[in-house]
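Each of the next two complexes has subunit A plus one more chain, namely subunit B in the first and subunit C in the second.
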Partner chain A sequence: MASADSETRPQEAIPQAVKIIIAGGFGAGKTTLVASVSEITPLSTEEVMTEASYGVDDIGGVEHKTTTTVALDFGRITINDDVVLYLFGTPGQDRFWFMWDELAEGALGAVVLADTRRLDTCFHAVDFFERRGVPFVVAVNRFEGSTVYREEEVRQALDVSADVPIILADARERGSCKEVLVELVTHVIRGRDPVMSG
Partner chain B sequence: MSTSEERYGVRAPDPGDDPADQAPGRRSAPWHRGRGHPTSEGPSLGVALGDAPTGPLVRPYTMTRGRTRPSTGPRLDLVTIVVTARDLKERNREPEHEAIMRLCHRPISVAEISARLDIPLTVVRVLLGDLLADGDVRTRATMTQLPEKKVLQAVLDGIRRL
Partner chain C sequence: MRTDGVHGHEAVAGALPEETVRGPAPEAPGHDEEFGQERFLRPFAVTAGDPDTPAVLGPEPSGIDMLSLVVAARVPGRHEWLRPERETILGHALRARTVVELAAEVHLPVGQVRGIVAAMIADGSLQRCGPSRPLARQDILHAVLVGLRSL
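Then we have the complex of A and B:
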């Protein structure tokens, strides 16, 4: 019996999707960054999790289950006919950690948006990507009235290794967001193929 | 304002064998479309948790008849790309399935289907599982490893062109 994806006749190719994660604390500018470069108005999708989905194997508890809704914002950039890039913002609240695993799965890399007024809000994002081995760059989002820190100060405060790029950025500016993404993908390629980057 | 039951739950009686009832696109979507726009951040700043709009009041698994995951088939990631199959067989489909198939005439990601139809991801996955099992849509498996160098280079070039 033929399976659903059997190729009995030529079909047009389905594009390959790649994703980049935009992480950072609440209000760090994740959605602003996505909106600056996305070809569509950023969309929001919802994942509904029941208590049972958190890994508790409680088949008797159906009547007690609680439902949690997590919103994920994302945008899209069509690279060419074969490749589509999706940018996903991480959920703001820590209790939605379970979504991070799904986001990280197969992700090309991540941008950690740092808000220098509240640098601590991106500590766990840095931690997470380091542990998962997801390549990332830190983009220091400039906010009006915030103290300007040097790259080295931010690097020390975040305790990230010397090879992680740290860039000043303005999430509202398309050009600046492009630079951040270029920096990330370059970093990914470099990590992938250290010989070629010389 | 319609109740959630009207929007999602109550189905028309089985249309039986009258093919006229089964023509695709005859029934309009029973839910509102494209709430996809407001993102989870932004205006909700300063709005106390619990005050923010939390979407339609709906038991999300009503339209999947209680199923919370697809029975079989490939893993459906956030960015698994779905497209309607060619040579569709005539069949009677649920309105939610029809709506998904209309969106999938052009390749579209699972996350985008969810956002544009305002149906939670888990529910979309179950419904897509049905469509895959029936051969109504095709997917491209999402990679779980880093893409090839030439894909990375294409992404880099694409971003530079923005």
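Then we have the complex of A and C:
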């Protein structure tokens, strides 16, 4: 039970914490994007899991169960006195799926960062957000030396519906990242009325 | 209840030196590399082998998630029995903090901190707090849009 010297502190104004997910394949620029717009140096925590959480089928014999950790990077943007926005980069490897569920829970929306040199690495993210009904935009991160594709080409390759915005971006540029996030939130607001898409 | 800490039990009882359990929070860079695979012992050790504060993956029954806000309900350091992690968490929670921020600050996995936070709420050390001015989803979205545009 609470001891006698407990004291309840007077509370200052407490903002609502909301989040946007930054997803994409390993090395697509998620951490770079978070760092570009975050008001703090991105913080890193981690999650511990057992192999049983991996979603692989080789879990015969729990005596061999081992644990590992996954880094989870996040940044913060203070919107105003009432709202603080957190940006979470998803773990890069596909096998850390189970974390996505919690990350996606209650998220305002998601940015799928696509690397056109390895477009297939973001298929999972696109599929995940489509299935969960989490609104998302695709940001095509421009890497030095990568072929420049047109929006239609990327859309076709990713097979995303016409209402999903596809934006060319540079994760290193704060202005560009800001545009991506603005586009996402605009997209979310636009889509708040249930829209059935074919 | 949960059995996923069985290895931790054995390890804590068997091989883990007490200094590892009670040592200061590992803030030195390179800690992870240094300890490598053995690090899986620590998260369970900080709960003092208490299976009721497991590392929690996914939403807890208590409904605490990564962005749940908590604030210290009493002054840290006045309870000698507090484990260092808890004291550190209390210190960081003097103003309202999210669970994930606390995890980053005390250098522990977020699932583990969530378990500790749940226990600390239960024993009255922390209290959950909601936003001062809860907003509707649509109002939040508009506020975020305005805020992002003015970055």
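In this section, the second predicted complex is superposed on the first by the 163 of 198 C-alpha atoms of A that agree within 3 Å, B and C clash if a C-alpha of one lies under 4 Å from a C-alpha of the other, contacts with A are read in each partner's own complex, and residues count from 1 in each chain.
One rule holds in what follows: contacts are C-beta pairs under 8 Å (C-beta built on N, C-alpha and C of every residue); 3 or more make two chains touch, one makes a residue touch a chain.
On a predicted model such as this, the values are computed, not experimentally measured, just so you know.
Once the two complexes are laid over each other on the shared chain, residue contacts for A:I189 go to subunit B and to subunit C alike. With both structures placed on the common chain, the touch criterion links A:D101 to subunit C but leaves subunit B unconnected.
When the two complexes are overlaid on their common chain A, residue A:Q156 makes contact with neither subunit B nor subunit C.
In the superposed model, A:T41 makes contact with subunit B only, not with subunit C.
Of the two partner chains, subunit B is the only one touched by A:T31; subunit C is not. After overlaying the two complexes on the shared chain, residue contacts for A:S146 are found with neither subunit B nor subunit C.
Once the two complexes are overlaid on chain A, the subunit A residues touched by subunit B in the first and by subunit C in the second are 2, 5, 9, 11-12, 14-19, 37, 43-50, 53, 67, 69, 72, 74, 77-80, 82-83, 85-86, 102-103, 105-106, 108, 174, 178, 181-182, 185-186, 188-189, 192. Here subunit B touches subunit A in the complex through residues 36-42, 45, 54-55, 60, 68, 73-74, 77-81, 83, 85-87, 107, 109, 111-112, 114-116, 120-123, 132-135, 138-140, 142-147, 149, 151-160, 162, going by the rule given at the top.
Subunit C meets subunit A in the complex at residues 4, 7, 32, 37, 39-40, 43, 55, 57-59, 65-67, 69, 71-75, 78-79, 94-96, 98, 100-101, 103-105, 107-113, 123-124, 127, 129-135, 137-138, 140-149, 151.
Those residues of subunit A lying in contact with subunit C across their complex are 1-3, 5-9, 11-19, 37, 43-50, 52-53, 65-69, 72, 74, 77-80, 82-83, 85-86, 98-99, 101-103, 105-106, 108, 174, 178, 181-182, 185-186, 188-189, 192.
Contact residues on subunit A toward subunit B in their complex (touch as defined above): 2, 4-5, 9, 11-12, 14-19, 26-27, 30-31, 37, 41-50, 53, 67, 69, 71-74, 76-80, 82-86, 88-89, 91-92, 102-103, 105-106, 108, 174, 178, 181-182, 185-186, 188-189, 192-193.
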